[in-house]
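For reference, the structure discussed in these notes is given below.
Chain naming follows the written order as A, B, C, D, E and F, and within any one chain the residues start at number 1.
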């Protein structure tokens, strides 16, 4: 059962970023190794794998939330990439981030857009859409 | 030109909630009457009317942001209704709010779901989907 | 395995508030029934049941975080009660909340203390410590 | 020396709201009586009494911060009144709150303006400017 | 009409930072070019150009809000400079930031003051007040 | 009296970090010298020196709050060190930070854990526990 959740979570996480789970596991290995497993099982396995919403819409929800919170730059970077990996276009993401100016203020939108610019340039360098 | 922005904003706002603009205008009439017009023109006319994203996706972005911020209950109420008015289902919104437990914490998700429950009951009473 | 997590979570949750799980289940039944189970399994079963920290210290951590966030009054109410149920004293909780004035500002501390006052009065009425 | 800080703080606090200190003392009496004194001495005596900024400007800074934080309604209510008591006009406060739409988002500005509307009506009922 | 808002916004923005609009335009050119114009028209043209509050007071409101939010360092840097450019003194800004320790907590005040120190040093190097 | 508060604050602050007060004084010397003294007197002397809670519990409360706020990295770094200096173990701190995933979201917990990893490595290099 646990194994199912973990595998399902891993599969979902890898669709967002092929090497994401490995990077997360490595980053947490020394300080909180169990958290890696809990995140894969709960966040990716229980929640993000649910069939009620397509991955693209889920990523738009996450990108919006992280932009509004404004204090989760590494995660916003991950999810901007993830959103593009599951089918969003750069133009769609820019629309979402611009819209955040209305709800979370102009600074929140600008800082997310500056990060998006970096993400887009990194992807250009890798030949990614 | 201004008139175009205002009319376009009004049209977009009314698709989210037919009586929304009138209620906002009444609420701001005495304290900040000009802000009503700026919100219709900028938020609804400039941003939410842009063609790059469909209204349903825009509302999911907004609902996610307001849930994550956690301090905008009246606006979350408005946008849960708006999301349903432009075609989201209750099940989809519940998925979005559940997902916020991962990114903004369990309390943020729970408080948004408690509000959604109220919104759904109010809509039941009015015979709305 | 899942069953183990659920039962462990339920046991941990009931130590914090005997009727807490039932109330949560009822509150989520109509809008997001699965989330109830995920919260019991992940929050209470995976995290709060971990042996590395005693329940009293865990509640102090939670009360501090919720006070600092400032937008999770229902959850702060639950955890002020939970902290007292697992052995904190009212005086200790007041110390924690006062301390938040330094880190999250005077308003955050005051609003949490006003809520604590209500919680203490409710417990007086029930003859609880 | 302490006595000086307390008296200076009390004097500054009373200029903002004649009965403010008494209300605060009463509210904290049972849960955190010492915090009352620390707030009068530190917040009002050490900081708000400093000569480097006039009371009106200080209140505008506070009102802006509380509006942006969005989770301190009782304190925003106090400081909207305080701002008017030390010489701000309602129109000036409305300008400040409108401006917050740019920096903290439209919901933060709207919720502060709805509160300002209540404050203004309460003051009308008391014949205050 | 649009042209009037844009020109008025540009004029107001340039009083805060002569090269500010050009830098913003360049930063957004590739990711969200329209947002540049919306910010000039709405934030600077509609709101910050309103006659009801002098530019110095407006900047104090903005600096306070950004300090309290704590997640908008680039914008706080801009507005600390802008405040000085429209007539605030460094001592006044330090008063405002110190005051934020009361309302948003000591960390928020400290981080804003560390940034202010950098801004002041950069201005020293340029021979600016 | 003031002198008592200052000395008591200094003593408490030095238990958390021997050189902490000197570093804070130096950092604020040019921008807000008085704030250094107010922080020592109020934060460390009035609040953190209170006998009602042991230093280890106080640091856990602070670390939790700063993790939840998510925008106070320099202060979280200080208090992770302080917590270890007054007797917490790295494992206990990791538990606290993991727990924040539940209340403040996975990103807040991850970013605090990434910082903790850096702090632990710095302490390894200095031969500290």
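Assume a residue touches a chain if its C-beta (ideal position, glycine included) is under 8 Å from a C-beta of that chain, and two chains touch if they have at least 3 such contacts.
Given the structure is predicted, the values throughout are model-derived calculations rather than measurements.
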Chains in simultaneous contact with chain B and chain F: A, C, D, E
Given chain B and chain D, the chains that contact each of them: A, C, E, F
Pair exhibiting more inter-chain C-beta contacts, B-C or C-E: B-C
Copies chain E and chain F - rotation angle from C-alpha fit, nearest 5 degrees: 120
Farthest chain (mean CA position) relative to chain F: B
Inter-centroid spacing, chain D versus chain C (mean Cα positions, whole Å): 30
Mean-CA-position distance for chain C and chain A (Å): 29
Sequence positions of chain A contacting 2 or more other chains: 34, 38, 42-43, 47, 50, 66, 69-72, 75, 94, 98, 101-108
Complex interface listing, chain E residues touching chain B: 1-2, 5, 34, 38, 41-42, 46-47, 50
Sites on chain C touched by chain E in the complex: 101-108
For the chain F and chain A complex, residues of the former touching the latter: 69-71, 90, 94, 97-98, 101, 105-111, 113-114, 116-117, 120
Chain C partner contacts - residues on chain D that touch it in the complex: 27-28, 30-32, 34-35, 38-39, 43, 66, 69-72, 74-75
Contacting residues of chain F [partner chain C, same complex]: 42-43, 47-48, 50, 52-53, 57-58, 60-69, 72, 75, 91-92, 94-96, 98-104
